[in-house]
């Protein structure tokens, strides 16, 4: 059996132009990395949107981050002030990570 | 003139896209291809503008038009802001964000106008491409200042880096310079792609823009009827100011019309991205619906012909 | 004629794609670009058809061909359904879903045939593009009726909205109308893109279709040898019926061949999407493998030449 | 520490042409929104598929929904009859959502 | 109430050219299927990357697999030797799956 | 000659992209469009090469160039490997992986060189496209042997299937054969797309390559100054060897220069993918930064002109 460690899996749904702001925070709390998942379309209280829009301003993506509980907490604290004005959707789940000591 | 415009395939494809989206057709242009077409259009007009300036040289008209363009881009947001606050009833932040769009420009509106006008013997001077590039940015600064006046917000200053290196500015200015360096002879071997295919690509791109504009209109929930009125009044007002100014500083009729169209057009690429960064609390639903959903179609279908007629009248 | 066809780059690129996919090469055309090419091809043939009808006017041939096309699209699924149930051993729902594909049409098969035939002096009339658009939909209705006959299913009726506003119908009809409105003169400025590049784009698109058809064939697991036989017999049968009918109603040889090719072709874009919505319990593995994996390549490589020869024989 | 609430994270893998049917159900049970994630390719009992297929009929996407347990249950009940004929893959996980009262 | 079963949700972030190697392992341990999620960009200790790179060699995707605990364990064991040289990021979460007996 | 090169739009667009990425502009070409352009460029040069060989026939020059190309591709990695181990300080596996890139070739470097040289009256023979295709693969085998020499690794052998069916080999060879079969007459109808648009597409593609090369340079963290030196020295060395060999076996000046440019160029599509599969423990950061971030721009801006001058000198 391969050994695993428990880590947080954070998903941040964010306007694509704001991704660099989010990754700056990720780096600032010393998390090892992130991955940006492609979102095609969506809908919410502000109406629907889809990627095939020449103006990228309404498109969104998901920033996926795996981190230790402690770093995850620091990241969430850092992002808290942005939640409303950036209209972020931030979820935190629990996962087992294989050879995940580095996170 | 409006009839000639309305039977041009370029405009008809826009109308087709608009109607298809209103009918909720699943017709859609792949995002990557639409972006590719917009890059192509910008590279093509940049190159052609540069090649023309390479043979005409830097004239006093060019300088006058450039100064006028920059001034318009700085000042038009003030008018827009006032109307958006008083008549439109927007908050300071939202009004500032919208105002920035109306001072800045829409490349596609300019390109469409250039094609339509050239087809009617009214082709604007090559240097107007440079004016186009110069008018993208100042309005962003005005809009932000208006949105933040009297506030002491930290960390929400002008995102200079993003504004100055944004894709359309870089590509327009870059290909303009390449056109100037290459000149007519250097341009010849690449001319087939950038000139022969131009109008056809514009058709397909406007098909997409029609789809996008109508979807934006249908899906948005933030637009009051007063904002709809302003999204039509502002291009007329700004366009008239721009054309008058262009005529006043001595531009030829076609270039004065083009300056008016630039003033009338509202950005929907560079400025929204900048506003999302600098004014994240402003509602993108408002500024995108106005600039992309109303002003853009209005300009394509009526504004261009109207301003061309006005320029001929006063020119 | 088959030799001429098989040495045309258009067909050779299809073969290249087919072989590359069989060899499990990682060659692939980006999805967005393939969709863009199919939009381009539809806009181009729509425009050209409209421009031709603008100069020829609405003739009795046009009306006869249109009525014949609609009738074929309604009735061919009945033949297909009977064979698919009896010989093919499919369930009622699967047979109805497959039958809808064979009454409807493949735009790319038509475009390829038009290019090949025109290259051999057999160019079909411009109005055949309108017939193409008219034949997309009726078969969907027939197929659904056949699939649901004798049942009392709730909520699984014809998805009218999706069927009538589907992307290819909207784009084909739209650009046909634009072509009619613009006429020869209005078309001239956009002609370079839509005519000069046409054949080359068709090469690249057929390269992709070859890849897709072969991958579909390799990856599908639901195809019996009897269904393989039907996927070859149906285009021959339908094509012969269509060509005969076209000749009978007095179309010129080339247009009769084109009507046959439309009848022979099987949809793989509009109909699968409609079936997925209206008959979700039908197995897409069956209808896509038959129409895209077998009938499409068969038509491209043999069917077009065969029907052209047959039309000349009886014409 | 930022406060979080526990919510359900539902992933529905579905044929792309059927997405509007799913979002209609999402709206019907009054969930605030959804996001559609781009899936490039996949494989299952019915063979493999990939997005680069001119016929979109075989392509799939993931509809991601964050909702309260109660609304999630209602959505799952509403989708249940579609599971087989639509060949849906539906998973439900648990996540912490920051300022998630609206979901 | 619809019945659900508990299953493992495995995410494997992997270089796109290596996906066939991963799916071969998935098939080998008799898991019923997989889905490949599109990742636009990312960053880690080896620097940043983005999809819009003509050379696909640096692009990554996420292979998503839903499987029973037992099959998930076998998959993880099979992938273990590849973790380092392939630079995989492998997370395992727990989800409820509707009509998930087939997994 | 370097001046002529540096004022060509093709090169200037590359420079624009490079500078834009250094300035961290958000300018980017959609991935799907970039891939589409690279497929187009490969199909176009394949076709044109095939058409030329169809009229010139298989000559002794063709065979000599092919043998020389294969020999270079097998042997150049040995030189590179030695330098990378001794001077570069790389591990055996990393050195083998990098060495494979420098024996193999970059299609875009070749295409750019062909355009630049043809513009200067130095167009290489059509069969050089076949040589290009032949040089893609042998270096992969050499590189893997070098990386694994003296080891007893299991399961890490040459990924034959992927190497032999990789997209660029299949498309280049396939369109070369299509060009040979179709000949001048068969090529005529598709010529507009594949010839008229070629240079323009190359401009946009090199814009993207400039962006990618500079981003790769900026984002990589594994490059020592010694590796930077080697990424400049290897193309000079390999290029000189290739040009000398080409001259020696009696190729015309232009084809000898082209052989040198092939030798000088480093793969950044086929070989990285193969290395990722066969040598997963080798660091992609090293080989991509060297081939794509340094050698590619060096060749585009200086290498091509240098080798053309050298070929004229010794030819």
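Structure notes:
The chains carry the letters A, B, C, D, E and F, assigned in the order they are written, with residues numbered from 1 in each.
Definition applied: a contact is a pair of C-beta atoms (placed from the backbone, for glycine too) under 8 Å apart; a residue touches a chain by one contact, two chains touch by 3 or more.
All values derive from a computational prediction rather than experimental measurement.
Contact with both subunit A and subunit C is made by B, D.
Of all chains, the one whose CA centroid is most distant from that of subunit E is B.
Mean C-alpha positions place subunit C and subunit E at a centre distance of 38 Å. Separation between the centroids of subunit B and subunit E, computed from CA atoms only, is 45 Å.
In subunit E, the positions touching at least two other chains are 37-38, 84, 93. The residues of subunit C that reach two or more other chains are 28-33, 35, 196-197, 273, listed in rising order. Pairs of chains that satisfy the touch definition comprise A-B, A-D, A-E, B-C, B-F, C-D, C-F, D-E, E-F.
Against subunit D, in their complex, subunit C makes its touches with residues 28-31, 34-35, 38, 208-209, 212, 215-216, 219-222, 268-269, 272-273, 275-277, 280-281, 283-285, 288, 292.
Those residues of subunit D whose C-beta lies close enough to touch subunit E in the complex are 11, 13, 37-45, 60, 62, 73, 76-77, 79-80, 83-84, 88-93. Subunit E makes touch with subunit D in their complex at residues 1-2, 4, 7, 9, 23, 27, 32-38, 61, 66, 93-100, 102. Subunit C contributes residues 7-10, 12-13, 16, 20, 23-33, 119, 196-197, 199-201, 203-204, 207 to its touches with subunit F in the complex. Looking at the complex, you find that subunit F touches subunit C at residues 30-33, 35-36, 39-40, 43, 47, 161-162, 165-167, 170-171, 174-175, 178, 181-182, 186-187, 189-194, 196-197, 273.
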